[in-house]
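Common to both upcoming complexes is chain A, partnered first by chain B, then by chain C.
Our next item is the complex of A and B:
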């Protein structure tokens, strides 16, 4: 089974591995300890001590608080609240719903028609980092990307209690 | 051996790490030398390798080289230059609008050379770095349409500007590839004149090549690739080849060095189409097989080459191999003919793993290559390989690998197989190793069967020829129950590819696209017209052949020229190559003959009932090949003696684990066996370069040419 150094995985996460090395990792069997090493690297990089249970998206993790609460937390430390609630409801939002706003990020004629599709950008209230972008019809409910079943994931995939 | 031997043929195979030299004497005996490849000046590594080989015959290079009559080179330096994108600075001029060709490429190029699982694993697909950066590419407004008519005239001013700009970029060569130029080269010729005008006005002298002159074939992108590769990588390689040629001559040789080319012939190092020497190593075996079988009177051969990293297969039918017109190399589609062969990523160095998800054994596609496996401590390999399993089973003698030069550690292999395969599967270590080898052979067997049945043939009509360092060990496993007409293993199996290179003709082969429809109700007059068009194109190709041979001082009268027609049923997608015995078509009757031959060939390759001449035919390409006779190696000749092997050939017995049982195998030294000897299985024949296993239920007979015939007992 393949096993990679922590340094290799860090480079992989940062996109600093050569294509040749990346491809060889992609084409091999999954290294069995990847999840733990990956979470460890994230844990080392965040400024907070709360234990990361599951990475949720770039900059976002589900963490275990001292009081037992499981919350979605940004790299900067901002907490969005219980992971079973959609974190986007507590984020800053910017909607691109006009030709003019679209053309700040796309060349003319290369973007969607804002009457049909708008871009909703979500930002962290703590550090103003862009966390997610949705392309949805105007008025569409806020998309809840991912509500994991943490207990089952730990028990059945990692083979241990959370 | 002493000075009594006369070296006749020299074959060089310069790989990325090692240069192998193969020298054959007048009796067909051969020696192999190895030395490190020296990329800065390849002639250095070549000389070292020759010295290493000649040491077996107690000869020096100066003694040996004057008696050589021919020398053939094959190597990977050009391929490496291409892979590393280290070539000349080439400027490319294309039809306006096609400037991003190299960046867009054909989608297929993003996964060429991948294993089957990665081909399906789309996120591993990756665009290649363009061989020519966008800054060295210019588009010129012009358009020839599919009928060869000028739909848009060429913009001369824009053309001139393009050349000026490329020269300002400092390019060292210019290639021109316009759309449909194989239909009508007018614009390319016009462009060439303009380039030359600008060059002379500027007083610059750099080579200019146009696609219609070099590769007048359909397939815009492969044609552009080939033209560019030629200018980019092939020309710099020519300097290396000249240096080697000079070194050989300096040591007293009287011949011009030739290079193995992808179409199966050898060509001069001064040839203008060096790109087709990019890949030559693996096809050597097919050429050797063709020649060998011609000599022993076998027409249909299935070639199997088991190496350390791959399993190569090719079919020879009626004494001829197939040629693929658009092969790929170094992840590029090219418009050059390549001897048709398949390569599967399974060799004796292939890694063996238990898939953690499915709990099943998986072999390859990656391999330890020359590092053998865990059984070779110096190789630093941690994953089990097929070699390791063979060592565990007692099939490979750990003290006689490469004649004992490399000591293998059986205990180490045992431990690795135990931990990585046997334990996860919960079975005994020997059972595990044996299972892996069975699975490996079963998978090779499937590859063989799918190729042979896929072409509509049956094993009973074919001879299985097996070679490569790992071939003889597994030939039993892959031939068992297959019902081949016969199974042959030459005693020089390990060096068969290099041997094959020395069997090839001095041959140039050129092709040109025609795309001539041949309607079912064609009148005799129209047919006459078609024949004229074919012959016109043949005359153009013939000129190229004569010119190329002229560089080696060979006269037109000494050439043997043959025309072949590639054609298909109108509306179908795959063409077949119909070979002939004539130089050009002699009137409508010979065209009728070609069509009749096509029908027969089609029925053979596909099925009689699949023929569909209702809509007529399409003549896609004509192919002209010119050959001259050159010195070929001789087959060993030894009068057959007793069936009983001489006692000095015996190396005793060894316990071998065979499919669940421990059997006592007899061990033999290959070089000491005599023609006529017959070995009943289980026997293991060892030589420094390979191990031949005769399984229980079969026997091996060594014929007068020192080729083993593996014969299976009739099943009751």
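Our next item is the complex of A and C:
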């Protein structure tokens, strides 16, 4: 099974690896130690000490706090709360619900009918990074994109305690 | 001699299954063994693979080689550019019960749909009547039996060794016209299955390797393009016969017992490999990724009142990955089927699961129905993804399927991202739309039905490490290709005025969705043609990921009574593109009756020689915050005309400076502008909890567009669970229903 240097993985994550090398990684068997190396790279990059348990999305990680709590945390350090709750409920939101607002992003006619589908932009309250954009009808519940089963992942798939 | 059994008189016959069994008995036994053991056909030990792995792999390579060879050769029998240029065909080999063992390249979405069609024949005891014999030819195109939509026509040929059925060869091509109530092959016009066109209900269409003449006559009279039909059918039969030859050669070389053992083990290996890949790439848990598609048919003059309505399709995809690598996909909460051709039966949904998993989870392994046995699914009855009703039209089932499964790609991407395999992360693929479709008389005076398969080449979703593939992908065919303009001009009464990149189609983000492209056509040398647009114009089915924006929606800009011919005579400029609908070249360079609006799905209407038809093909979803887009990528956007400059400024915060006539990014000024834009976000946004209070009032007071109220009520009606989820989220009483005003 292949193994890659930390530097190679960092370049891959940053989109700086050549296409030739990237293609080679894609076509090979997957490197089984990727998860640990990947988490270590992300850990080295964040300004906080809380241990990353699982990368959840760009800029968002599930971390273990010193008091044992497992929370969703942005790269900037902002905490959204328990990972079993939808982090979006603790975010800022801006809703594009008119043609005028849509046309700040799309040319006329190239966006949805805002009476039928709106864009909900979710920002981190700490760094104002746009973390997700939902394209849903008005009245749709806030989408809980991903609720990982952390215990099973660690215990049964990785074969170790969290 | 006929005897009375099963409630009717049955002619005596020798069973064609293994060891004196009927094929139906074999299918029932196979299902029982899987149910009891969890292994395909109860195969617990892969002994052939273990004891002689080289031989095992060689057998697979021989069969796989036979299938690819069949496709590459047979496609040249066809004359249809959809098959020859675009490669809209595939072949597969099945067990006697109908489980796929191996497949060719091509539109592999059909590998499981043909499995359903074979099983339909087996379950309906075709062995007894009309009999399954060496040299027989069967054909099917009914999605409710096993297909995606009616224009995907299947040929199925039984393979015998001595007196036993040892398998089936299956081939499918996407035909040019299927004889529906409106022309083309994804007809938007049929509102019941009785208008879907030619019905081949898993019919026996030939014996002794010869097609029945009555079948040929029926089909030639039943479709608008009989020449393409006839050659497509010969293409499929030729390919199936090549597969039969390859299987017979393999059995002669390896022995029948080894062959039988191999096909069982290959599928069980496929099942195990899939589970292993899930555990290797994903994270257990629950993923939710709904998608929506508009069907704006209100006011269409060609439709009855009850069908001429606007509606929105709800595709609430939920993926559950269990502790043992179980992969369960549910559409619980999908809304009701309707009087349009977007209804999508379960076979088509399974096909979509299949084609996406083979391109994401198992691209490098043995691809066969093993993956099907490793997954489970839920398609609620009477919903758009399981219409049940016999009268539900399915001619354009892709209209629900394609948007619906963007959620699967986004869900898988969340799993592989968490696992660190960022090179496999993808945002939503683009809608393979606009479907340029029409029919009438072609430029030679012949009847025609047409659909430009330029749709086979839209934008890919943005990737975890770079922009999406520009105009090079189709979710249903891993070999995306737009075809040559000259070839499309040969078969359609259309003349290209231009084909180029369409800016602003790919969703913006740290990484941009792959771009779509545009074609401007003149209706050409036809005396009688109707045309339509088919695609999304009011919804964003290609959602972004991790902060990226969705791929853009479509629109219509066709010109009736255009002054194009006069412009040619006067040597005046004519339109060849429409980069910016706010500054339309088509408006500038063409007078006439402009249909310039969001009606991207319509009943066919008459167009004339010299009129303008505009079609643009969509872009994929973006990934990541657009304020993180690398200035070098922004310069590439400008050089390639992928994004109009004002949107790079407004969305990505790029400060652009003109340098020798071209734009460059001022990096320092861009950084400063981006910091300001983050502050602007904070000013305009509100805490989600505050937003929810206002939105809850709106929901409680039924202050939504009437078509949304209808959509939500329909989901409540079909799924108590989804209704409960919705009502609990908004703290509504259990009996809550939206007040419908229309």
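Quick note on the criterion: the second predicted complex is superposed on the first by the 162 of 162 C-alpha atoms of A that agree within 3 Å, B and C clash if a C-alpha of one lies under 4 Å from a C-alpha of the other, contacts with A are read in each partner's own complex, and residues count from 1 in each chain.
Basically, a contact is a pair of C-beta atoms (placed from the backbone, for glycine too) under 8 Å apart; a residue touches a chain by one contact, two chains touch by 3 or more.
The model shown is predicted, which means the values in this text are computed figures rather than measured ones.
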| Would chain B and chain C fit next to each other on chain A once aligned, or clash? | clash
| query | First (chain B), second (chain C), both or neither: which does A:145 touch? | reply | second
| request: Check whether A:26 is in contact with chain B, with chain C, with both or with neither, and answer first, second, both or neither. | output: both
| field | Which partner, chain B or chain C, touches more chain A residues | value | C
| message | In the overlaid three-chain picture, which partner chain does A:65 touch, first (chain B) or second (chain C), both, or neither? | response | neither
| task | Go through the superposed model and pick first if A:116 touches only chain B, second if only chain C, both, or neither. | result | second
| task | Could you say whether A:45 touches chain B, chain C, both of them, or neither, answering first, second, both or neither? | result | neither
| query | For A:157, is the partner it touches chain B (first), chain C (second), both, or none of the two (neither)? | reply | second
| request: Check whether A:1 is in contact with chain B, with chain C, with both or with neither, and answer first, second, both or neither. | output: first
| request: Can you tell which stretch of chain B bumps into chain C once we superpose, 59-67, 437-445 or 509-517? | output: 437-445
| Footprint overlap on chain A, where chain B in one structure and chain C in the other make contact | 26-27, 30, 32
| message | Considering only the defined contacts, which chain A positions touch chain B in the complex? | response | 1, 19, 23, 26-27, 29-30, 32
| What does chain C use to touch chain A in their complex? | 279-281, 283-290, 292, 294, 312, 321, 323, 364, 410-411, 414-415, 417-424, 465-466, 504-505, 508, 510-511, 537-541, 543-550, 552-555, 580-582, 596-598, 623-628, 630, 644, 647, 650-651, 678-679, 681-682, 684-689, 691-692, 695, 698-699, 704-705, 707-708, 711-712, 725-726, 729-730
| In the complex of these two chains, what residues of chain B are touching chain A? | 115, 117-118, 121, 123-124, 126, 353, 355-357, 366
| request: Could you pull out which chain A residues touch chain C in their complex? | output: 9, 12-15, 17, 22, 25-27, 30, 32, 34-35, 37-39, 54-59, 88-95, 104-113, 115-117, 119, 121-123, 125, 127-149, 152-153, 156-157
